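Please find the structures below.
Next come two complexes, and both contain chain A; in the first it sits with chain B, in the second with chain C.
Here is the complex of A and B:
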């Protein structure tokens, strides 16, 4: 157990350093969330009050968090594949799932920047107030959200072990999850058949937990669901990695890029 | 044209249906739905506003990322030096590589309109289709010209996709795609005047609402001028960065 935690910590740190040295990752992380946040502020400020703008601001922050998780999930294995290191990583005695956890959590940790950037951007340029209703629960909701998003990233990353074009699907999943998770438009506006999908997504509950801890409400339920979903994603990720790794070995597709 | 088609087939050989459908069709589909629902939630503008704005804007995906991938792809396949050492006319090289991207951008925009018609509260009269197609074609071409600015930078700089990504989302914010231009501050409106898309989207919205092509000729002309301006600037940059790349021997770096 301690060995696994050590691998997760080192993987997390290594991935953070890698992302911090990538011009693409850094600039995308800086510009993307504030651009979308600006669009949302311009649209909502006509009819919405200060509380609405704060609701929007937190939703836009989660857009960045999800984008970062998705990018990390899609890119990590693809990068290993193109650098021809995926076979070594899978052949290593350490379970591949353990190394995936560290890298995926790093991607969602980087996404925390989006939260800070979006809130500061909103405060400075659009006069969006920032007063925390439940500061302690806010501090609890952030790691819960990062954990659940990061472990959802593992489920997606696992599919890349077997399907080398899964990055294309990962690229596509940005907008649908932003939409289904109700980040900038309430879930209630979406067709009924979308709601079960919304409630199975970590960003829905992560955003709900953070919004309720900032705007008021009972965020403990959402925090609990985040942690529950994280456990479910981990279990699914475990099954996916086990099976996709076995199939990829059988089909000898790991080295194909 | 032959060179353009051949280079497109060579550089985009990975663009199989399994990649094209999720990235080039799935992305625009959900982009349109996402902004249309924000519009509904915020009470700003109708579905038609967001459908037309985003359907035209997604053509920039082909124009900007396509050009970035064309230059980046030549670098990746180690053919950039070979292309640039050849005596081929640079303008022909330039134009040849643009044509397949313009066609692709047009297809993406058309798909965006189909999404709006099928899934949102958006209608189009059949009679406006030719004029709308003209608006989309001009806008796609001007976006591709803008993309060549990014592509030219890619002759010298390696991180071209950073620039392409920033340019793409910048257009989303500045060009009245989702935010009505009168909601933007004056300095942003001033920038939008010299960006591709702004006038093309305005023209497309009017045409989709029933206006004739003749009544939006001023907007179309401005979109054409913006596109020509970017094409000329891109050509100059292309030659300048080509010379700089030769001096720095940076064509094969990636």
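Here is the complex of A and C:
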């Protein structure tokens, strides 16, 4: 267990280091949330009051967080394939799932910046108020959201072990999840058949937890669901990684980029 | 005790051709390979490109599941006990990929030290020791993307030895490395068996195999065509001789005519800038120089010489006959 935690810690740290060393990655991470936030503010500022703008602003922050998780999940495996490090990481005695957790959590951590950037951007340019209803629960909801999104990233990354072109599919998931998770508009406005999908997504509960801790409400339920979903994603990730790794070794696709 | 065992290993790849009308193809990369390596032995696997060397090594290091046959490392099945095997083997692939480019050598080694479960207390000392061994001490904080091919190759070796594995697999570790760097790498490889490790080495360079390996298996078209000590393999062709003819612009039909001569065992042509070197292996007791030259009628001829066969000649004869 301690060994797994050490692998997660160094995987997280080195993934952050890798991302910080690419000007392109840094620029994308800085500009994307600001762009999302601006679009959201321009869409809502006429019709909405201060509270609506804050609600939208937190949704926009999760758009950035989700984009970062999705990009990180797809990019981690693709980069390992193109660098030909995937085989080395998989053939190490530490289960590949453990090293994936560190890299996936790093992408979600970078996504946290989008939350801060969005709130500061909204405060400075659009006069969005920034008062926290439950500061302690807000501090709890953030790691819960990062954890659940990060582990959802693992489920997606695991499919890339076997299917080289799954990143294209993963990229397509960016915008539908914004809608399904109620980041721009309440889930209640969506057709009923979308609701089960919404409730299975980490961004839905992460955004709910953060919104309720900022705007008022009882965020503990959403925080609990975030943690529960994280456990479910971890279990799915475990099954996926085990099976996809074996299939990739059977089909000889690990070395292909 | 046999540390590495391959028993009738086979591996088939499935691939497709065509864009609209797709057709599935099966390619047999390894077709019943068997060999064993004793403790402390340096065993060489030689063969041309596409012979099945890397596929065989990848099955042994658990990266590919064999289509059939059995592979064991330290008595454990590489498919059933993959994790157990992974903890006890190190592997090094040739080429300049396989490293985290944006990270330093030190970070690469720290990461793999954790992946291989090297005790945190020992990590720093072990990494220092290996950096010293492969000659990267003082350069370890630089990013790998700025490393030369030789430096990357040395870093690969350090990475493969982090957990001090008793069995090491080296797949063309000196490929593309300059002569001085390659000589240093060969010295490092030789030191591995001196420290009691069992090594499986694949290489294209015959002199390297001759200098390093206790035993060699020659693989061609997915099957092992010969196995033995370098001396035993050389003995297979030592009863003949080799005629070398420098030619300028020789055509394939002339080479074919030489190949059809009675007593000719193998013919190869090596390009040497504007000229080519025709290497003809002949059966013992025959003087074929005149017959060979007569088949090259109309071709400009330079130096002609005759010599004793080398391990490379043995290899060429085996691979050509396969």
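The criterion applied here is as follows: the second predicted complex is superposed on the first by the 257 of 257 C-alpha atoms of A that agree within 3 Å, B and C clash if a C-alpha of one lies under 4 Å from a C-alpha of the other, contacts with A are read in each partner's own complex, and residues count from 1 in each chain.
Here is the rule we use: a contact is a pair of C-beta atoms (placed from the backbone, for glycine too) under 8 Å apart; a residue touches a chain by one contact, two chains touch by 3 or more.
As the structure is a prediction and not an experimental result, all values here were calculated from the model.
In the superposed model, A:249 makes contact with chain C only, not with chain B. Once the two complexes are overlaid on the shared chain, A:169 sits against chain B while remaining clear of chain C.
Contact with chain B, but none with chain C, is seen for A:185 once the two complexes are overlaid on the shared chain. When the two structures are aligned on the shared chain, A:193 is found in touch with neither chain B nor chain C. Comparing which residues of chain A touch chain B with which touch chain C, the overlap is empty.
Within the complex, the chain A residues that touch chain B are 23-24, 27-28, 31-32, 35-36, 38-40, 42-44, 46-48, 165, 168-169, 171-172, 174-176, 178-179, 184-186, 189-190.
Every residue of chain A that touches chain C in the complex is listed here, in rising order: 3, 6-7, 10-11, 14, 17-18, 21-22, 83-85, 87-94, 99, 246, 249-252, 254-255. Residues of chain B touching chain A in their complex: 16, 18-19, 22-23, 26-27, 30-31, 33-34, 37-44, 159, 161-162, 165-166, 169-170, 172-173, 178-179, 183-184. Within the complex, the chain C residues that touch chain A are 13-14, 58, 61-65, 83, 86-87, 91, 93, 95, 97-103, 107, 110-112, 114-117, 120, 143, 159.
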